[in-house]
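First subunit A sits with subunit B, and in the next complex the same chain sits with subunit C.
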Partner chain A sequence: MSAGLLARIGLYAAIAAPLLRIAASDRPFLVQVAIGTAISAILALAWDILSRTGQVSLGHAAFFGIGGYGSALLTPVLGPVLGWTVGILLCGVVALLLGAVTLRLRRLYFTIATLSFSLSIHVVILVTPGLTGGSTGIMPPVIAGGSPPLQLLFITGCLVVAAVVSDVFLGGRFRPAFFMIRNNPDLAAASGVPVTRLKILAFVVSGMVAGLAGACYCGLYGYVIPDDVFTTNWNVLPLAVTILGGMDTTLGPVVGAVVLRLLEEVARHLVGGVGYQVVYGAVIILFIVGMPEGLVGFVRRLIRSRRRQAAEPGQASAKARLAL
Partner chain B sequence: MTAAIIQAVLLSLTVAALYAAVAAGLTLTVGVTRIINFAHGEFVMLGAFLTYWLYTRFGLSPWLGMLASGVALGLFSMLVYRGFLARVLKQDEHNQLLATLGLSILILNIAIILWSPDPRVMQAPALLPSAQFAGVTIPGNNIVVAIVGLLLFLVMLGIKNHTRYGTQMRFASDDPALAMHAGINVDRIFELSFVIGGAAAGLSGGLVALVLYVQPTVGVDLVIRAFAIIALGGLGNIPGALIGAAILALVEGLISTFVPGGGSWGFGVAFLILLLVLLVRPSGLFGKQVHA
Partner chain C sequence: MTALSIEQCTVAFGGLRAIDDVTLALPAQAITALIGPNGSGKSTFVNMVSGQIPPRSGRISLGGEAITGLRPDLIVQRGLARTYQVPKVPKELTIEEVISVPLLYAGSGRALPGGARNAGDLARYCGLRPAVTTRCGQLSVSDLRRLEIARALACRPSVLLLDEAMAGLSLEDTEQVIGLVREIHASGVTIVVIEHVMRIIARLCGHAVVLNQGRLLAEGPPQEVLRDAGVREAYLGKGFSL
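For the complex of A and B:
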């Protein structure tokens, strides 16, 4: 147990250390890239938590946006700490309601319902200009006085929090129940797993973590319009990041965010303009065909087959080759 | 006022036929293969560009252009299926979803790079004369869209319910393993449904070129609407999709006509309605109610 805990603290340190190193460096561009990557990773962790119960959402931009807008609008009223807390709790409440509504929906219906939800919230923002600024947007208070290195420090802290939450739901208490719900909900219910309660719990936690990512994002520059947060891009990104990195892990979404951002920057440098989006699409396709279980899953399988090879040489190598 | 309402309703109904045309192919593909194909919108976009070019470069009548786009996109779908989607078929749902999203992003952005994001108008003479109805005028091209859209729908329905392939498709979708034991080539049937869906996308792209701007992003909103229509009507339920299309287009059309500034968000209200419908009927208005 304590060895496991130590490994986990090591993981958090491994995630945080490079980010802190970048924050201490004097390279503004790198700091901005690191901030963007960390926010993607938080959003992807949120999505992954929900997906462990078999709920494949295509509407996480809604929570991303509600978290951002909520914290931004409440901070002037309640102060930063309470403002963010209430903003993120609001995401939890919305997720509770949406989770209860979509509980019975299967596959296509669930995906379309979550997508519809994010589009509907966008409309709510547009038709209430008195409260939310409508299409002209709002001016959220900036995090850490607008100093990028300090912002990165803060967001790194948020990422570690998200990683801890993700690990809690991968621990012995939730992991078996979540995966049983995903693979066979009827069997889970028959075995005494509180399916409804856990599915909604996953939704609430996922919504709140996504809201945290949104709050970080909106606090970066002090100006946000609805099209910045309620876009399809934020609906698709957590899927891409998580699946490329490796689902059902804490490391996967983080690795996915880094790799995707690296490829994006390289593509932007080489191709420029909109060209990098082509690379984004191509990378997704290549990964799905070549590494359907993501980078972390791929490396794990590689290690496992190596170990087996070492244990029983000869016969195992043929098996390993077959498996790959 | 009444004339304005009648005009808005009639125009919305022709738009509904366009949505239905886009959804027709998709509901067949999704109903059989269970792959949520987001790239269907880009297939429609490619069909629209093809019809546009065949007219502007070679003067080919949009009637023939539509058919040519249907054939071309059918073949393209076959390539996509064999080269890529067949490999994804046995993966988990989230991977399938991301795979088609990736495909959609790829095709969309290649189109933006090659052809620029600018909207184009196909200035073809109207294929049919405009019609007067209860004091309002309906443009000829909208009538074409309504007729062809409905025809496309009926053809999809006919294929699914009244052909040998349709029977095999329904069997293969209900129970792939059993269908295989019964001697049905399930892979082939899946491919066939994908190719027919792609051909329908190409043809409805021709309709898009008649009444909307031809631009790379035209398929993005259309495919989201098509999925909403399918979910409203019930997965694989083709007449249900027709009613879903009418509801969506009417809500959207009436709001954008009569609510000030509604043009930018009428689209979203339709999705609010979808959410409410799914709350009461988790498998859509006419879908089979499956116990979860």
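For the complex of A and C:
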């Protein structure tokens, strides 16, 4: 077994362990917070996989919702395993069709297209009450018989799956090609990379992982309305989480989800009312301005500069003092 | 034998014909110079042949096979690689990762030059001194140029287009890159060099093609082409000599 694989297994264990510890504890509030955090982390991982090809999505609520609605509506017909599988595959098909049209768009135009797509899916749900329950919503089958600790166990498993998928796309086959597509698509094509095909692949995988997050979310309480899933909140959340935690990594979105939730709870506790959202928003902005590479990137750079300091003491410590 | 043939190709941007009805046959196993004053269409020519800007009309074939209108990555698969004058590589990628992209994706099946088997071999072959784990953000201009050549070689090309690979390099670096180009050529790759410096062309190339305002102005051995009155006029105006 290679050192890299061992390190990755260690990472998955480090992600899962605290969640499992919480599931085993007898603290209902903490369990709910952990469930919410894990779902944010899955959605953020989905968003990050796509962003590595330079595509900034503001429409992941669409996949979150389609995955949730799809699995919820198909489970009674096909059973839970097949229902979830087809629901998530549906996200992949939608991403494929949408991607075939929008991924040829450049940067901002793509972002706007994803945003409008998520808004129009919301409308589609509202105008098809016969099929999707319309504005009154649906009653999805609950995960794990509605037991929160067991739900957390299951969702932790889903998070590890999302982390493995994310790592596959950080491997040698995809990472350099994705970064080259993001940075300089002409150079990528001149290196033999089928640019559009890889962008669509990233979009399909990203859509399916976001659908997994949505399926987990919709299976929590047994009742979902369109406003729960097809909202701007789920469009913006993965972006905020990933930028806060650190892009282009598997750990970043997970750390970001934890820290964002922590910030939210602390702000809610200290400020209270609705006003906490303002404080919460301001703190996020401060973080993003102060650490553009995210928490994971910041810590990595710190470790690198420490190492350099150890290698060449005089020069680096002077630089470090300047930086501080 | 013709490695690359261009028949009546035109590339137009609005009313401007950047390449205007050019017909050319580049001999296989040669080093051909593509020269011409600024704005003569050299870069557009490279973009056209590599598929980045397909011609509005005309035919391009590589080793006898038509490649007109193919996607750039498919043209690379057929064996035509190019370098960029100002290579913009992702700063966060290492030398090894950049070279690994064509090694993974551009499988044309030919052998790598110099008996190279992996990214590290190619980096050394191209004279890249920094460790292969060095990030591109830390490389000098001359190392980025070498990396760009290594990246293009990793496409396993039969025809290699070098877009001003020596511009802005020190004399010493230029000499080394000239040596490298000769070595690549000796390994059986047909090379097209886009260059401004006439001394380099005269030393390196057995064949020269001159473009002016998108048209083919002259073609032949470099010494003869440089003596051509029309070529002198295009570069310097009437009454001067090179």
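Quick notes on this one:
Note that the second predicted complex is superposed on the first by the 317 of 324 C-alpha atoms of A that agree within 3 Å, B and C clash if a C-alpha of one lies under 4 Å from a C-alpha of the other, contacts with A are read in each partner's own complex, and residues count from 1 in each chain.
The definition used in the following text is that contacts are C-beta pairs under 8 Å (C-beta built on N, C-alpha and C of every residue); 3 or more make two chains touch, one makes a residue touch a chain.
Source: prediction; values computed, not measured.
With both complexes superposed, B is the one of subunit B and subunit C in contact with more subunit A residues. By the touch criterion defined above, A:Met291 lies against neither subunit B nor subunit C after alignment on the C-alpha atoms of chain A.
Touch criterion met: A:Asn184 reaches subunit C, while subunit B stays clear of it.
Shared-chain residue A:Gly172: touches subunit C; no touch with subunit B. Applying the stated contact rule after C-alpha superposition, one finds that A:Pro194 touches subunit C and leaves subunit B untouched. Comparing the two interfaces of subunit A, the one with subunit B and the one with subunit C have no residue in common. Subunit B contributes residues 30, 34, 36, 84, 87-88, 91, 93-95, 97-99, 101-110, 112-113, 220, 224, 227-228, 230-231, 235, 264-265, 267-269, 271-272, 274-275, 278-279, 282-284, 290, 292 to its touches with subunit A in the complex. By the touch criterion given at the top, residues 51, 56, 58, 101-109, 111-113, 115-117, 119-120, 122-123, 126-127, 135, 185, 232, 236, 239-240, 243, 247, 274-275, 277-278, 280-285, 288-289, 292 of subunit A touch subunit B in their complex.
The part of subunit C that touches subunit A in the complex is made up of residues 50-52, 71-73, 76-77, 81-82, 84, 87-90, 92-93, 97-98, 100-102, 104-107, 151-152, 154-155.
On subunit A, the positions that touch subunit C within their shared complex are 172-173, 175-177, 179-180, 182-184, 186-195, 248.
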